[in-house]
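Two complexes, one shared chain (chain A), two partners (chain B, chain C).
After this line comes the complex of A and B, so read on.
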């Protein structure tokens, strides 16, 4: 427990983290600018229309692949690679905690900061939406035919944010593994951004392949939805649409969790930190 | 000065990650070629609306078009910041600074080395595209260019490719100047990486897509070479080039390296 608090303190003491938290309301404001323009193009009956009630979901959906992935990458690189290669991690290992406990403490600290970031984003987007956008009575959501009332949309928002938290938690393990195998901080940042870039490229390429193979090819369909960025771009909306999608994407996330969870855990605990 | 350049070059290649990046880049180029060959139906897009058929000649510049985003956003920033910030932040650069050269010569050696790295990557892309073009794509002896439907001979195709790669080199030198300016002020590699990528996308967003040569260099290059280049972009490239190098030199000279 004390280790967790010390990890959180150390992360919070970095000025870059304060800057990122300051950027969260700004990104919500940026999403507002985009949606104000978009609201004119699509009508009130489109799911893309952001009213006061759907703005938190739409804004998060815009900012998720670009802002929160980088937010997470920066958190993890600062927590793991910089301390490891800068020699600070040895000072933590002097304390009578095992490497596994340090691993879980770092994980917990990053997760708590991510939670705080998501809450801050929800608050700022809700406040900004309440100030700038219109109230509507019947709300249309992605992949749903019927309209929703205000209280139903509120539960949708909670579910959406929970699923985003789950998706980003899986991404934490991926970035953790990248951070621990990198010999330098620049390499960690580059590999992280390269992973996101290749992931998005893979989705686009699979989409192009999909249009070229005849008859819904199961393998291509499966591979198309297999990346975390795909889950971020469309998967969460699809998961909340019907149970089959929910099971499928949960399976995808579980595979990533298992693979990268084990990779990052074993790399972290088996490394020699005392040089 | 020559010895300083050689030492910097050796240090760049001693880091195993540089070799890994080069090999990964070649693998990626191969995957890109295979994708274009099997699923591309030999068409490639200048913009989402304008297309062109691939052949062995125009693959020279289309291969760079496909790889340019990856180079500009992932590979070159890693290489730039590893050289500019990595050695300084770890303290290893102090061992180099012991040598009896004037302060500005150290920075110049870094710039020359990074420029040579850019040229190396571009050369590898060029050679690969010539070989892969001849193997995988239909043989052609005349090409059409962007906004220029008249046929051009092989020699003109090579000239166009040289100009294409040349403009991309100038854009990446401007990116190096920008990275150098960021690295001169900020000591943290994470922050500078974030700042550079944020600057690339921020400028794209704030100018409503007019200034796109950082993120989408190929569109700018096609526009410039077909004569429809936007003056704003060309001016901005040269302003960043000159002011970036000037400011980073100024900060470098005043910097305290003994931290």
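After this line comes the complex of A and C, so read on.
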């Protein structure tokens, strides 16, 4: 617990972290601008239509692949690459904690800051939605034929935010591995952004391939759904639509968690520290 | 056996195909100030990294107050404070905040005691007036003193300093020397100091360990060096590593 508090304290001592938190309500406001325009283009029966009730989900869906991925990347690079490669980490490692304890404290601190970021985004989008959007009688959601009541949407929002938290928690391990193998902060940021860019490009290419093949190709379908960015773009809504999707995307996330969790853990704890 | 606070036994470190350390063994007595000398690349910093638990030896053991650093890390490192190479801090925090952040990591201090301990070590290293300035505004000498302050947070029995006088001006070096002697005298802290500044070591050390090409070339008391035909560490070092 002391290690975790110490990690959080260091992150919160940085102006950049406060600027990121300041940007969260602004990003919700940015999402509002987009959805106000979009509401004029789509009908009230479209799931894309943002009402008071659906705006927290639609806004997060909009901001997740870009804003929150970068938010997470910056948190991890500051916590891991900067301290690991800059040598500050030895101030911690020469005390009576194991490298494994330091590893989990860093993960825990980043996760707590992410949780706080998501809560702040939810509150911001809820308040902005109440102030700027209209109430509707029938609520439509992605991949659902039926309409939803206000209380049902409230539970949908909770589930959507929880699955977003789970997805971003898995992404923490991918970014942690990138952060720890990178020799400098700039390289870590570049590799992290590069990973996101390649991942999104891969999704697009697989989508194009899928539309050009005559019969449904299971391999293409499997591959195009096997990136974390795809889980963010579509997967979370699909997971909430039916149990098969939930199982499939849970499996995708589990593979990433195991692979990058083990790579990060063994690199951090087994490698000699020469910085 | 009980007189030794630090025991390094047959430590070997192989990196790739290169043997960096070859069965390094030496002991440091409780209460002594031990100089650790050798040419660049002799293996001083690697040895210090192994003693502080940052690097795992290929073979051999390091014990601090009978506790194995690599098997009983918690108990062994409780007794240790260290500056490894240049003193690096969280530059975006003040000196006091750096120390408070690190003091949190010492389980024997509650939050009130952490603040008291930070004030105490700041006074010891004479940094109390600059404690609330950001570390990035500190001179190298001040960072060295802050480095010693962080090493003192856990009430260590032994402090390891790796090139502590590097980059210090004559006044800084004198302040550092006086601080080490005071801590040894008043707080009974044992020191292992690696340095190229042999004249400085000669003024404070009572024991000496000489490392050459990854192996221990000589260990013993400074008075034996001074009683030898060389009368100073520099000539003695050249003779034992030739």
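The criterion applied here is as follows: the second predicted complex is superposed on the first by the 273 of 275 C-alpha atoms of A that agree within 3 Å, B and C clash if a C-alpha of one lies under 4 Å from a C-alpha of the other, contacts with A are read in each partner's own complex, and residues count from 1 in each chain.
Basically, a residue touches a chain if its C-beta (ideal position, glycine included) is under 8 Å from a C-beta of that chain, and two chains touch if they have at least 3 such contacts.
Note that this is a predicted model, so its numbers are computed, not measured.
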item: Fit-or-clash call for chain B and chain C when the two complexes are aligned on chain A; value: fit
item: Partner chain(s) touched by A:169 [first = chain B, second = chain C, both, neither]; value: neither
item: Partner chain(s) touched by A:98 [first = chain B, second = chain C, both, neither]; value: second
item: First (chain B), second (chain C), both or neither touched by A:90; value: second
item: Geometry of the superposed three-chain model: angle at chain A (Cα centres of chain B and chain C, steps of 10 degrees); value: 80
item: First (chain B), second (chain C), both or neither touched by A:194; value: first
item: Touched partner set for A:217, first chain B, second chain C, both or neither; value: neither
item: Contacts of A:269 with chain B and chain C, given as first, second, both or neither; value: neither
item: Touching partner for A:3 - first (chain B), second (chain C), both, neither; value: second
item: Chain C versus chain B - closest C-alpha approach in the superposed model, Å; value: 7
item: Doubly contacted chain A residues - partners chain C and chain B; value: none
item: Complex interface listing, chain C residues touching chain A; value: 49, 52-56, 73-78, 80-82, 84-86, 88-90, 92-93, 97, 101-102, 104-107, 150, 154
item: Residues on chain B engaged by chain A in the complex (per definition of touch); value: 15-17, 35, 39, 41, 69-70, 73-75, 77-78, 81-82, 85-86, 89-90, 188-191, 193-194, 197, 201, 205
item: Of chain A, residues touching chain B in the complex; value: 16, 30, 66, 70, 74, 77-78, 82, 85, 183-187, 189-190, 193-194, 197, 201, 205, 208-209, 212
item: Contacting residues of chain A [partner chain C, same complex]; value: 2-3, 5-6, 9-10, 13-15, 86-88, 90-98, 272-274
